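Below, subunit A partners subunit B and then partners subunit C, in two separate complexes.
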Partner chain A sequence: MEEGKVYSPDGVFAHLAMLEAQAHEAAVKQEEKEQQEEKLARLKARVQELRAQRDELRAKVDLQQKGQLGKEGVVSDPAQPSARAVVEWNIKRIKAMLQVFYLTGISGKLTKRGVCFCISTAYEGTYLDSYHLDLLTKPEEVQIHRHSIPIFIPLEQIATKYLQTDIRRFLAVLSDHLNAYVGRRYQADQLQEHFSNQIEGTLQRNSLCNLLVFNYNVSKKSQTFPFNARLLYGDLCCSLPTEVIVSCTPDAPASLAARAAAHSDAFRRVALHKAFRSFGSAAESVDGAP
Partner chain B sequence: MDNGIFQVYEDEIQSLEEEVKLLTEKYEDSQQESTFFSDEEILMSIKSFQREFQGESKGHESPSDLKAQLESLEKDLSFLMKFTGIQFTSHSKKTVEKTRDRTVGKHRLSGHCYSVSFQLEFQLLEMQNKENVSAVITDLSIIMESGEDSDVSKFVSSTEERGNLLTFFRSLSSYAEWYEHRRFTFLHFK
Partner chain C sequence: MDETVAEYIRRTVLKIPRDEIKTMLEKWGFLSETQLQTVNFHQIKENISLDVVQLCEENSADIKQAAVLDIIYNHIYPNKRVWSVYQMNKRGEEMEFFDLTDFKKKFKRRLRSALKNVTINFREYEDNAIWIRIAWGTPYTKPNQYKTSYAVYHSQTPYVFISASVLRSNLPLLCQALVVASNYHDIREMELRSHSLNSLKDIVFKRYSQNFQTYYPRPLQERNVALESADPRIVQESRNEKERIQRVNREVFGDGPQPKLEFAQYKLETMFKSDPKMDVLDKKEPFRCLVKFSSPHLLESLKSLAPAGMADAPLSPLLTCIPQKARNYFKIREKKGFFPGSFVSP
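The block that comes next holds the complex of A and B.
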C-alpha cells in the first residue's frame, strides 16, 4: 500500500520536494562549514602576523636597552637619519617641553585672535583639574572669549582689577583662587575617602568648599560622633581655615572634651586629612597606655 | 564548529595588538630620548627636508604640514617662555616604566626665571583610569642658585618634601620678579 503511495503522482512530487530540501540544506551546511574554515584560517594568519610583529619589536627594544646599559650620555643614531626624522624628533621634543609648562601651572596656545591659556592646579605632588581661558587680545582691549572657570570663583572681580593692565598678575591671582579651591576640595575628599567611618554621614560643604561642617569621632571602634567641627576658610586664596570651632556633645566624657581645643588648633595649622591622621595616632597611644 | 574557538583566537589577537602598540611606543620613546641633534643639524634638516620629499605622499604628513606644525609649536613655546619669564635651557626625559595604564618618567630640567637659575629632577607618574589621566610628582630635587639664602633653602626643602612642583614654579615667578626689581634698585644706587 505504501509503495502505491510513493509511485502516485502526488507522492513522487512530495518525494522530489523532500530530496530537493535535503540537498539545499546540505549545500547550506557545506557553505557555512567553508565560511567558518575560512574565518578560522584568517584568524590564525592574523595571530601569526601579530606574533611575528611582537617578537620583532621585543628584539628591537631589548637591543635598545642593551645599548643604553653602558652609556649615560646621549647617543646619536649611528645610521644617518633622514631629514624627516630630524624634523619629527624636534617636533616631539618641543611637545615634551610644552607638557612641562603644564606642570608649572600656566601653559597655553596661541590662537588667531589671542591666546588660550590653561591654568593647571595641584595639591602637593598631585595634579588635579585644569581650567581654560580663551582670551582675545585684538583689536583693542583684552576680552575673555570663553572659559571653564567655575561660577563660584570671582572671575569678573579679578578681571576688572587686573585683566587690562597686567595679564600676568590676572592669571596669577586667578591661579591662586583656583589652586586654593581645588586644595580645599581635595582635603575634604581625602577626609571623606579615608576616614568615612569616623565621620557621621557625609561632610557638609558648599560648592566653593570654604565652609565645612561635620560630626566626627577619633576612635574607629566608637559608634557615636561626639565632636562637631565647623571650618570656615575666610581667605579664598588659602587652603587652611581662618576660623575653626570644635565642640563636644555635653554628655561626652571630660577627657574627650579636653581634646577639642587641640583638634581646633590642628585644623588651623595642618591639612584636614593630615590632622585626622594625627588624631588617630594620638588616640591609639592613649588607648594603649596602661 | 563551536564559537568558543573563534573567541580564543580573537582574544589572543586583541592582546597581541595591545602588546604591539605598547612595544611600539616603548621603542619610539627610547629612540626619542636617546637621540640628540644640534641646532645646526636641525636647521639643515628643515632646509633639505622640502627638497627630499617633494611630491611624496606615503600617507605621512606632507613636508609643508610638518614644517607648519613645527613653526606653530615653536611660536607657542617661545610665547610661553617670554610671557611667564621661565626659560628652560635643557630638558631630558627617560621613560623608566610603561604599561597599559601607567607611565613613569624621570625628568631633568634646568633653566632660569629672569636672573634666578634652577635645576630640577623629578619623577612623573601618569596613570590612566576610567575618565582621565592623573599625574603625580615624586622624588623632587631642586637646586637653586640663591640657595645660601636661608628663606630660600627652607622653601626649597619643604617644596621638595611635598613634591610641590607647581607651587615651586608659581613662587619662583614672583620671587624672581621681586629679586630682579631689587637688583635694579641696588644698581641704581651704586
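The block that comes next holds the complex of A and C.
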C-alpha cells in the first residue's frame, strides 16, 4: 500500500469518510443552488407570460374602445401572430394531412433506400387491419424488401404485372385485394357472431374467404336447417359473391323452396350479415301477417 | 370395443396433464356431460384413464373417435413434436376456390391408392388450419396408431407444416397426397425446423413483428426509467453507445416478441484462411465446419446479445436474416462476402 501524504489521527477510512461527507455537503449545496436557479427561471418565464397576456388584453381593450370589435375572439392580433401560434397551427395542419392520407387507406414514408407503404383497410365504416410494404427503389427496378401482406393474397402476381411499370396501379390493385379480403372476412365473422343460432355448426370457409358453405334457417328458434348456401367470390377484388347457389333439402315445404331464390338474390346484392338481418325481419312480418 | 382402441385411448389420456383432462374430454365431445360427471378427476391418472376407457366402452368408441382425441391433444401441445416446413409450387395463375370437402376427398383417395392400410383423420380450426393425422401401416399390417404423422395446412397458402414420425419412408406418399389435394405441382422441404409450430407459422406467414417505418401513430414505447433513477452519483459513461445499440437492435428485430426457434445451424464449406506462413493446410480444400447455435429461444437471445454487451451491434446478417429468409439451416460456400447457400434442389 502506498504511503499517503496526509496522515489523519484516525486512519485512512476515517479520512475517506470525511472526504465523502464534504463531497456530500458540496453536492447538497450545488443542488440547492440549482433549484434556486430553476425557480428563478420559472418565475421569469411566468413574468413573461403574464406580460404577454397583459399586452393582449390591453390591445383588446384599445380596440374595443375604438369600436372595431367585429366577431368575438378573432381580433387578438391580426398583424403579428405569435411564433408559437404559427408552429402550433402548422403542426395541426400536418397532423390533419397525415390523418387524411391514413384515411385514404394508402400512406407512405420515405426510407433510406426507398419507400415504406402502409395500406389500411376498412369495410363499411369499420377500420380493420393495416399491412405494410417496404420497397427498395433501385435505379433499374423496384424491389419488395419486406412486407406483412398475408401469404394467400397473390402479391407476386400483382407485382409482376404492375410493380415495375405503374406503382400507383400496383398499390391500387393490392389495396383492392386487401380491402375486399378483409371485407369478406368481416362479413363471415359477423355472420358467425350474430347469427350463430341460425347456422348449423360453423361456416365452412377458407383463408381467402372466397368460398363459403353453410346450412341455415331464417327463424331463430327452429332446430332444422333446411337451406344450404354456397357462395363463391370469383372476383378477389370484390366483397360480394359472383355466384350464389341456395338450395333446399328435398323434403322442405314448397314455400321455403320459393324463398331460396329470393335469398340467393339477396346474397348477391348485399353484405352477408345484412342479408341475414333482412331475412329475419321478412320472416317475422310473414309470420305476423294474418 | 376393440382392445387396441381401448388401450390407445388409455395411453392418450395418460399423456394429458391431470388438470387438463376434463377440459380436453369436453372438447372431444364424445362423452356426455353426465358421463363426465361420474369420473373423479382428482384421483391418480392411472385410475382416471381406466374410468374414461370404461365410459368409452359404453359408447362403443372406434378408432376414428380415438384419433380425434389424439388430434386435440396434439393441437393443444404441438410443441412436443418437431415440425418442418414444406413449400409447394404451382405453375398456373388461376385462382383456386379451395373447397374443403374436395380437398379431403382427394387427399384420402390419393393416399389410399398408394397404401391401403392408413388411418386418416381431419380436423379444422378457426384460423383456417386443417389438421391431418395419419397413422401408417404396411401393405400387410394394420395401421400402427402409435406411429403417426401430422400435417397442418392452411388453405390457399403454399406452406405445409409436417411432423413426420419415425417412418420417414412414408414422407413422399404424404407429400404427394398433399400436392394433389391442394392443386399444386410440386413440394420441397424448406430449411426451417422448430418445436414451436406457431412460430413457424409466424415466420412464413410474415406475422412476426417487423419494424416498418410509418407515420402511423404507434403507442410510445416506455423507456426503461429504472436505469435513470439510480444513484445520481453514478454516471453512464457510454450512454450514447447504449442508445445506439438499442436503436439498431430495434430496427433489426422490431418491437414485438420473436418467433421461437431452438437452433440455427451453419454448415461452412469455406477455405480456411490462415497466415500463409503457418501453412496449416497444404491441400487447398474447403475446411468443413458446422456451427450450431442452440437456445430455448434463439431469436430472443440473439436480440439481447448486443444490449448485454456480449456482441457488437449490428449483429451479423447471418444471424439476423433468419426470420426473413425463413430458414435456420444454412450452407455457406466460398463466395465474395456472405452468401447463404442456395436452395437445395428438390
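Here is the rule we go by: the second predicted complex is superposed on the first by the 194 of 290 C-alpha atoms of A that agree within 3 Å, B and C clash if a C-alpha of one lies under 4 Å from a C-alpha of the other, contacts with A are read in each partner's own complex, and residues count from 1 in each chain.
One rule holds in what follows: a contact is a pair of C-beta atoms (placed from the backbone, for glycine too) under 8 Å apart; a residue touches a chain by one contact, two chains touch by 3 or more.
From a predicted model like this one, the values you see are computed outputs, not experimental measurements.
Using the contact criterion defined above for the overlaid structures, shared-chain residue A:E124 touches subunit B, although it does not reach subunit C. Shared-chain residue A:Q30: touches no atom of subunit B or subunit C. Once chain A of one complex is fitted onto chain A of the other, the partner contacts of A:H132 are limited to subunit C, with no touch recorded for subunit B.
With both structures placed on the common chain, the touch criterion links A:N206 to subunit C but leaves subunit B unconnected. Contact with both subunit B and subunit C is seen for A:S107 once the two complexes are overlaid on the shared chain. Looking at the superposed arrangement, the partner reaching more residues of subunit A, out of subunit B and subunit C, is B. By the touch criterion stated above, A:P154 is placed in contact with subunit C alone, subunit B being left untouched.
Of the two partner chains placed around the shared chain by superposition, subunit B and subunit C are both touched by A:L98. Applying the stated touch rule to the two superposed structures, the overlap between the subunit B and subunit C interfaces on subunit A comprises residues 98, 101, 107, 109, 120.
In the complex of the two chains, the subunit A residues touching subunit B come out as 33, 36-37, 39-40, 43-44, 46-47, 50-51, 53-54, 57-58, 60-61, 64-65, 67-68, 74-77, 81-84, 86-98, 100-101, 103-110, 115, 120-122, 124-127, 168, 172, 175, 179. Those residues of subunit A that touch subunit C in the shared complex are 27, 98, 101-102, 107, 109, 111, 116, 118, 120, 130, 132, 134, 146-152, 154, 157, 202, 204-208, 210-211, 213, 232, 234, 236. Remark: subunit B residues 1, 5-6, 9-10, 12-13, 16-17, 19-20, 23-24, 26-27, 30-32, 34-37, 41-42, 44-46, 48-49, 52-53, 60, 63, 66-67, 69-70, 72-77, 79-80, 83-84, 86, 88, 91-93, 107, 109, 124, 134-138, 140, 162-167, 169-170, 173-174 touch subunit A in the complex. Interface residues of subunit C facing subunit A in the complex, by the touch rule stated above, are 93, 95, 97-101, 124, 126, 128, 154-159, 204-207, 210, 212-216, 233, 324.
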